[in-house]
Amino acid sequence: MGLKPRLEPWSEGCPELALLILIIIINSEEESVGLAGKVLVFPYETDFSFVTLKPRMEMELRAFTLCLRVATELPADRQIILFAYRTADYDELNVWRERDGRVSFTLSGDGVFFHLPPITTFRTSLCLTWESNRGLAAFWVDGKRSSYQVYKPGHTVRPGGTVLLGQDADKHLGDLEATQSFVGEVTDLNMWDHVLSRSAIQAWHYGHRVPEGNVFAWASIEYAPSGNVLVVDDD
Amino acid sequence: MGLKPRLEPWSEGCPELALLILIIIINSEEESVGLAGKVLVFPYETDFSFVTLKPRMEMELRAFTLCLRVATELPADRQIILFAYRTADYDELNVWRERDGRVSFTLSGDGVFFHLPPITTFRTSLCLTWESNRGLAAFWVDGKRSSYQVYKPGHTVRPGGTVLLGQDADKHLGDLEATQSFVGEVTDLNMWDHVLSRSAIQAWHYGHRVPEGNVFAWASIEYAPSGNVLVVDDD
Amino acid sequence: MGLKPRLEPWSEGCPELALLILIIIINSEEESVGLAGKVLVFPYETDFSFVTLKPRMEMELRAFTLCLRVATELPADRQIILFAYRTADYDELNVWRERDGRVSFTLSGDGVFFHLPPITTFRTSLCLTWESNRGLAAFWVDGKRSSYQVYKPGHTVRPGGTVLLGQDADKHLGDLEATQSFVGEVTDLNMWDHVLSRSAIQAWHYGHRVPEGNVFAWASIEYAPSGNVLVVDDD
């Protein structure tokens, strides 16, 4: 099943969005399944290149672990969208590299900011863990955990939205901005609906076997690239 | 036995301090024992969050090794109190990250300053050794010793004070300042009344077995958190 | 045999130098032999603290390898003398950390400059190799070689001078300057009259067995500290 049926309901009564979706559908490659051993390459700064990801379960989350490997040649003071999950009304779960170099994590509202090592042309393995109970949030860079921050205890991520790589959709798939776009490589994205242990995150970092993500699993991920995105062997 | 009896004598005849202590007692959780596998998380900049530690012996010290693991999201140019031991009249033994990034060690008076790698969101293991005989002082960062400095040969640390994490008490538990407070994580604090060998400090850094501290031992430490401090599993 | 007889000849007819030498002799500890497992600590910036080293052979050198481990708390923009070998008329062989952070190597005249990693409070193992035949000069930092530079091919280092740690003597043991003095630690200094192989330099760096220096060998070195210099266990 493709992503398109899920896009239709909220486009009713909104001709501009319907037009946008039409354009996306025209530009889109077919949805495909599975990226084991593959890298997504976003070679240029654009306002039209992105990849839509289809979760394996509804993203009504009270905890999660999101992991991906990322590399970029973009300058250190350029804002970059790393992960965007948006419902009709909210930026539900965004990860940004900010202009000041910090990495931010946002759950529909003001975000929380982390001082991490720079994201460079060499691959960084980046995980983000959060749980609603106490609001403990942390990034894990190459298997090392940042200091915990307390963020939105009690919150629940809303289901029914769309996950994009490469662009931030300020209105559910509308208003893409080239100056926020991602340029570089993403691979091995996995997401779980719970907080992984330190040893599991480190195992993932080192490429050892870990149970694949139950929200997203790179090896069997359903994805639909749009615009100028390359799928290449991870070599 | 709790910490409160030790707080009482110096509050006599000082109604403001008595009030402060009353507030602290009201806000305090009970004193607890043992933090094996746990991390203290100070999530916000406050002037009221701290943890009092009760030593296993009187802190009349002519030598010591103080070790802890620490991580913070605070900016690099922010002064941070890392460890404070104060008697009624003196800052007996303080460790600060200074505004200029250096780490200082103070025994009741002017301190001595070390150029260490930055303390970041990732955990740094930090030890400090000092012995009164020749005044040899050094920090150990992730098992590597700084250059020795000669500091206060002949001095003795005075007993009978209070150890705080999270705040510097300019007057024995009064006058806390948010802009000097600690925000981040502390774990695995141990203190010995002698100078540990290089191999013992490196063993501690790598999490191998070493004889636990006879002044403070994290696994059996008596501690009393006040204000907004979380005790979380170290994962 | 002490170093003093060798100091006497050039002080004749120069009362100021004679006075200086008298002071040095008065302040000097006895000459000692062997520093295995020991570190020289220069705790303060002075114009009177240094250590004189007595070579095992005359330093008439057409090639050499000089190795030492060094750590300092001095600011990055402070000039520091690391090694000084001077005859009556010439700075025969000097190694400096320059104000701009580069490390220089001087054979009686203009020096040659290398961009090396900073010398910090943690120990750096530093070797310098040079051979007269082609003039190939390189520093080795923690076992990694700098780019070669060609410096003074055909030159021969003159014998009969004095080696100092801690100070640069602009006139053979006169005119010491506090602002160029060394503050910090030196250990494990060895010097050979030939160029060591990469594998030998790396073995030395890692503390493995290598044939000890035939010009200087730390374990059996003849040394005479003056002023405020501590000899401490390397721990």
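Residue numbering begins at 1 within each chain, and the chains themselves are lettered A, B and C in the order written.
What we mean here is this: a residue touches a chain if its C-beta (ideal position, glycine included) is under 8 Å from a C-beta of that chain, and two chains touch if they have at least 3 such contacts.
Model, not experiment: these values are computed from the prediction.
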Looking at which chains touch, is this a line, ring, star, complete or other? line
Across the interface between the identical copies subunit A and subunit B, with over half of residue numbers shared counting as same and under half as different, the residues used are different
Distance between the centres, which are taken as Cα means, of subunit B and subunit A, whole angstrom: 40
Where the CA atoms of subunit A average out and where those of subunit C average out, how many Å apart are those spots? 56
Where subunit C touches two or more other chains at once, the residues are none
Counting only contacts in the complex, subunit B reaches subunit C at residues 113-116, 134, 136, 139, 141, 144-150, 195, 197-198
Can you list the subunit C residues touching subunit B in their complex? 39, 41, 43-44, 71-73, 75, 120-123, 184-185, 230, 232, 235
